[in-house]
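Note that the chains take the letters A, B, C and D in the order they are written out, and that residue 1 is the start of every chain.
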Amino acid sequence: MIPLTYMMSLSAIIFAIGVAGVIIRRNILVMFMSIELMLNAVNLAFIAIGSRLGSMDGQVIVFFVMTVAAAESAVGLGIIISTFRNRETVHADELTLMRW
Amino acid sequence: MPPFLYIFLGALAIVSALGVIVQRNPIHSLLSLISTLLTIAILFIGENAVVVGFLQIIVYAGAIMILFLFVIWLLNLQVESGPTGHLALKAFGSLGAALLVTELFFLLAPPHLQVKFTQEPAGYGSLASLAGKLFTDYLVAFEVTSLLLLAAVVGSIALARRLPVVVEEPQPRVVEKIAS
Amino acid sequence: MTVEFPALALILLFPALGVVFNLFFGAKWGRTSVNIVGPGVMFLAFGVATWAFVRLLAMPAGSALAMPLWGWIEGGPFHADLALRVDALSGVMVMIVTGVGALIHLYSVGYMAHDEDFARFFTYMNLFALSMLILILADNLLMMFVGWEGVGLCSYLLIAFWYTNPQFAYNGRKAFVVNRIGDAGFLLGMFTIVGTLGAHGVWTLNFVELRNNAALLGGAGATAACFLLFIGATGKSAQIPLYVWLPDAMVGPTPVSALIHAATMVTAGVYMIARLGFMFSMTPSTLDLVATIGALTALFAASIAIVQPDIKKVLAYSTISQLGYMFLGVGSGAYASGIFHVMTHAFFKGLLFLCAGSVMHALGGEQDMNKMGGLRKKVPITFATMFIATLAIAAIFPFSGYFSKDLILDSAYESGHFWLWLIGVVTAGLTTFYMFRLIFMTFFGESRVDPDKEHHIHESPAVMAIPLIVLAILATVGGWVNLPDGWLWGDAFVRFLAPAVGNFKPAIEANSFDLSLIALAASIIGGVLAWVLYIQLPGIPFLLAWRLKPAYDLLLNKYYIDDLYNLIVTRPLFWISDNVLNRAIDSYAIDGTAEGAGLAVQTSGQVARRAETGNVQHYAFVYLLGALGIVAYYLFLVTGR
Amino acid sequence: MTIELIAGAIKAILMIVLGLNLALFLLYFERKGSALIQDRIGSNRVTITGLGQRMGMPNLGIINTTIADPVKMFTKEDFVPEGADKFLHTLAPFLALFPVMITFVVIPFGDTISISGHRIGLEAANLNAGALYLLATIGLGVYGVALAGWSSNNRWALLGGIRATAQMISYELAMGLAIVSVIMTFGTLNLQEIVRGQGGVWFGFLPRWGIFVQPLAFILLLVAGAAESKRIPFDLPESDSELIQGYFTEYSGGKQAVFMLTDFAEQALLAMLLTTFFLGGWQVPWLMRDGFHLPGGAFLAVPALAVSILGIIAFLAKVVALCTFLGLVRWTLPRFRYDQLMRLGWKGLVPLGLLNVLLTAFVVVATGRVQ
């Protein structure tokens, strides 16, 4: 079986990539995708540790994460669409109505 | 799972993950994301999380990503001309991410990451075992999640539907007021 | 022996229900419902009280009825429960309050028949009765204080009942504030008791336990506590120096005055002292103080009452004077006599006020006795009943007042306070004088009523007349429950109260018969004097007033006490509040601080808001920094540097 | 070990070839069957040295459909339109074909046989989560179509792609529900197990096929599958009268061939699924391991090998029959309107499927067949 550290490292790398994506890309959709990346990285960590511990809890958590991700993306994309309709942009740095 | 497969999949996952954030074309980003998801799903299956792996493909790759695809089409996003972000943010963001990953490496190095290894029971990762957990220990969470999904459906519909255009009544003129 | 008697809770429950009903449904369901419910609950309470009282009479002397409701305050070792207790003392008081109160409520139905705010009025009235009953039924000092405060509040509400008149509202406030001063004394007294006893490990305010542990207080503690409590009593019972609120309380509706003076409130102080008699007995100095204050108040108020033209003012000062008697009684150690006078006074003073109200009712709200006269024929019932009441208050044998006042003076003399006794006797004369002056000016002589009011003078309706008659009977026979020794059943009342308030231990022997003769003589002299001055030679009073102008003015202006208080208390207080507190502290210190804080926040905000770029990614980056920090810290922990 | 590997490889290739051949058969049936139904002659020109004529069957057109057409297609110019996303445009067809092809591997086409002591199940991959695998791969089938429509930079193509995507993900639900009810019935995800579960008979004569247990599920899967494979009457995405050719308007030559192949392969796959889930897979009625137990009580012994071969033949026969049926449907029914399609999917099939799942759950719990 693959050593746990490798799995965790992989998930850490993917997570970091997701973080970077959220920060460096100004396209909301891409930021959104990066969030999904992070979620999956965490899922990977759950699965890996769960299978090492021989407990199903990790997989159950992943199941829930998927469900929540589905809900989140549904609502989030709805928000993006309505935002686009109102503001004609998907760029985070142009959606700064809340600035000082 | 044989190591070479792990290395191959890991490399693929990382590359496509990078693809997600560097591609200028949202569709390409999406495709890279999908490939990442599929790779991760295969890794799941390699970790004996068969059901969850397939669920990952069905739910993520099969449904959520389609949603993204539709949204991209709906907003008619083309290749991004011009900067994909602010330079400072790019620099510091990448730097921060790199720092994070290094920290995590140190944190996840063997001495600090102790996991009591236990042999997986029979039928580990099967649908039965998953369902067993779901409907006993996590029943409440399960039900709540279903409610959450319902709320999400309603909310997204309410968000995305076009509001009917309100045609306001023309004010009756003074003359008519007097007349009536 | 103490018997649990759940029905006691009903005595409180009924007025409470009345309050709720009148408050929430009274205005909606109309006058009839209020008229039924308002007095109805009082009569029900009276019924229950009678039941309890009869039960109490049947039991051996010294026994009591109790109803522990539920625990209230649990402060470490200290605990105070909501528990009701009826022994001889509180039994008598409950009877007085519910009985007379019920009659006054009934009277109010007629009196308030033309007022719009009847629902609010009866709400307050029931609340008033409720508070007084709490005060009486309480089995510990703290719960008593609740009622104590309650009556204070209700007095404020009722005195300022016609709040649209600023003067009335001001008087209400005055009553409230003066009461507060007294209440502060009461509170401090309680604290003293708790503190002193607590030092000995006895954490209680329960009367029974207090009585059992009173010895632990020690002389000094008892003195301090009693003194402070007495200040509270002076506030509530309108003694020198805190009596000033009571005359002004006359601006409330007349039934209110009756309720305040006769049944409730003012007697609270006397009741409290009698209740804590065991403690006061430990401190002769305080007792003497009480007696002296009482006597002085009696004389003082009576002298003021002589010249007052306002019928209700006269009655008000007579109340203060009578309260002075009561304090004289309890001050001389004869608590029973004080309570006895409370009872008789409740009868005749309630009657007097109701009669005065009836007169004013007849005259369309006229209060100035110079605009009355010759009403004898026009309002016969009122006249008859008021005359009886006058005889009673003037302590003419065999009306109730005679017995109670005689008992007080007797005990005052026997306790060795000769001068106080003398004052009492003189006051008795004055009392008779001003009371008959009132009667003569109101009902005799030729009418001085405004012609426009002349025609619609009318006797009060039955609903007002009946209470008058009942009270008149009570005022007549009420005193017979305690005859001088050796007569039919002797001093039954005193004997009945003795277990609760202790016996009176005379210091010197005296022939009580002679004493009472002297007092009676004084009263009669006063009466005759009044007859001479106001019937035979009506010119004399004005002549006197003109000759003794300074003295007259002094009395007419109540010894300028109000102005004195204004000068030494109110004015400086206002001045300090305005100049020091308002101008200096408030506008500079406090406002400065507040605005300074606001300014600081504003300026710092001007700078800090720059961080709010509104760009999500900046926030995300900061978030990342935070995450980095946390992970680094965790790393630092696990790696153990 | 090695022999299992070899066997696995052989079986995989076998399944792929089977699928491709079925697709070829469907291609032929597309041409000539339609001609037959529409009372045409159909393609009949090409011959190799007049073979057909000489054999006395003049216009069978086998050469046309099975050889000439593919050759023609693959030799045509591979055209990529202006402004298209070249990479995706090239990727799309294979992205469409790939999932279908890898789905074939879980279909059991025969009972377990033993060769020289090695027990070899006659399915390319015996997955414990086979049904989930099916759903997953079928779900992936969307992308090829969608990207084809998007990448070819053409309105009609994009419309076709959107239609196809929407249609497929809509009918995926109904399909999944139907399969779920079957899974609940047989209590396993393993297709081989499911097929085994359909052995034996009821009342002495009725085979225990899924269609008799889950008739509603059968209809659901049939309809939803037809919609999945974008066949008439569900060929909105490529409705040539509205959108020139739908999502592969801009495709030519080999890539178009791949798309057509995908369609036929999907059809074949659907037939196989229906067979596996409802028509007892390789089960031959009344045929046990030792031979036929006819309803009358008569018994006819059959050698084990023959039993296996009979099973394979039965499987193929059922599949071909279903393919023919689908073809007939394709040439007889008119096309839906888009809103009708959606209404049927969301308001017709999905509720029915949920209802079916509910009923199945009740029955399963009631009959106590749940651990």
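By definition in this document, contacts are C-beta pairs under 8 Å (C-beta built on N, C-alpha and C of every residue); 3 or more make two chains touch, one makes a residue touch a chain.
Keep in mind the model is a prediction, meaning the values are calculated, not measured.
Chains touching both chain A and chain D: B. Looking at the partners of chain B and chain C together, the chains they share are A. Two chain pairs, A-C and A-B, are compared here, and A-B has more C-beta pairs in contact (counted per touch definition above). Chain C has its Cα centroid 75 Å from the Cα centroid of chain A. Chain A and chain B have Cα centroids lying 5 Å from one another.
Rounded to a whole number, the gap between the C-alpha centres of chain C and chain D is 100 angstrom. Each chain gets one centre point, the mean of its Cα atoms, and the points for chain B and chain D are 31 Å apart. Shown for chain C are the residues in touch with two or more other chains, namely 617, 621, 624.
Looking at chain B, residues 51, 55, 63, 85-86, 89, 92-93, 96-97, 100, 104 sit in touch with two or more other chains. Among all residues of chain D, none touch two or more other chains. Of all possible chain pairs, those that touch are A-B, A-C, B-C, B-D. Listing the residues of chain C that touch chain A in their complex gives 609-610, 612-617, 620-621, 624. The part of chain C that touches chain B in the complex is made up of residues 617-618, 621, 624-625, 627-628, 631-632, 634-635, 638-639. On the side of chain B, the complex with chain C involves touching residues 85-86, 89, 92-93, 96-97, 99-100, 103-104, 106-107, 112. If you check the complex, the residues on chain A that touch chain B are 1-2, 4-10, 12-21, 23-27, 29-30, 32-34, 36-37, 40, 43-44, 47-60, 62-64, 66-75, 77-82, 84-85, 90, 93. Chain D contributes residues 85, 88, 128-129, 132-133, 135-136, 139-140, 142-143, 146-147, 150, 158, 162, 165, 169, 172, 189, 371 to its touches with chain B in the complex.
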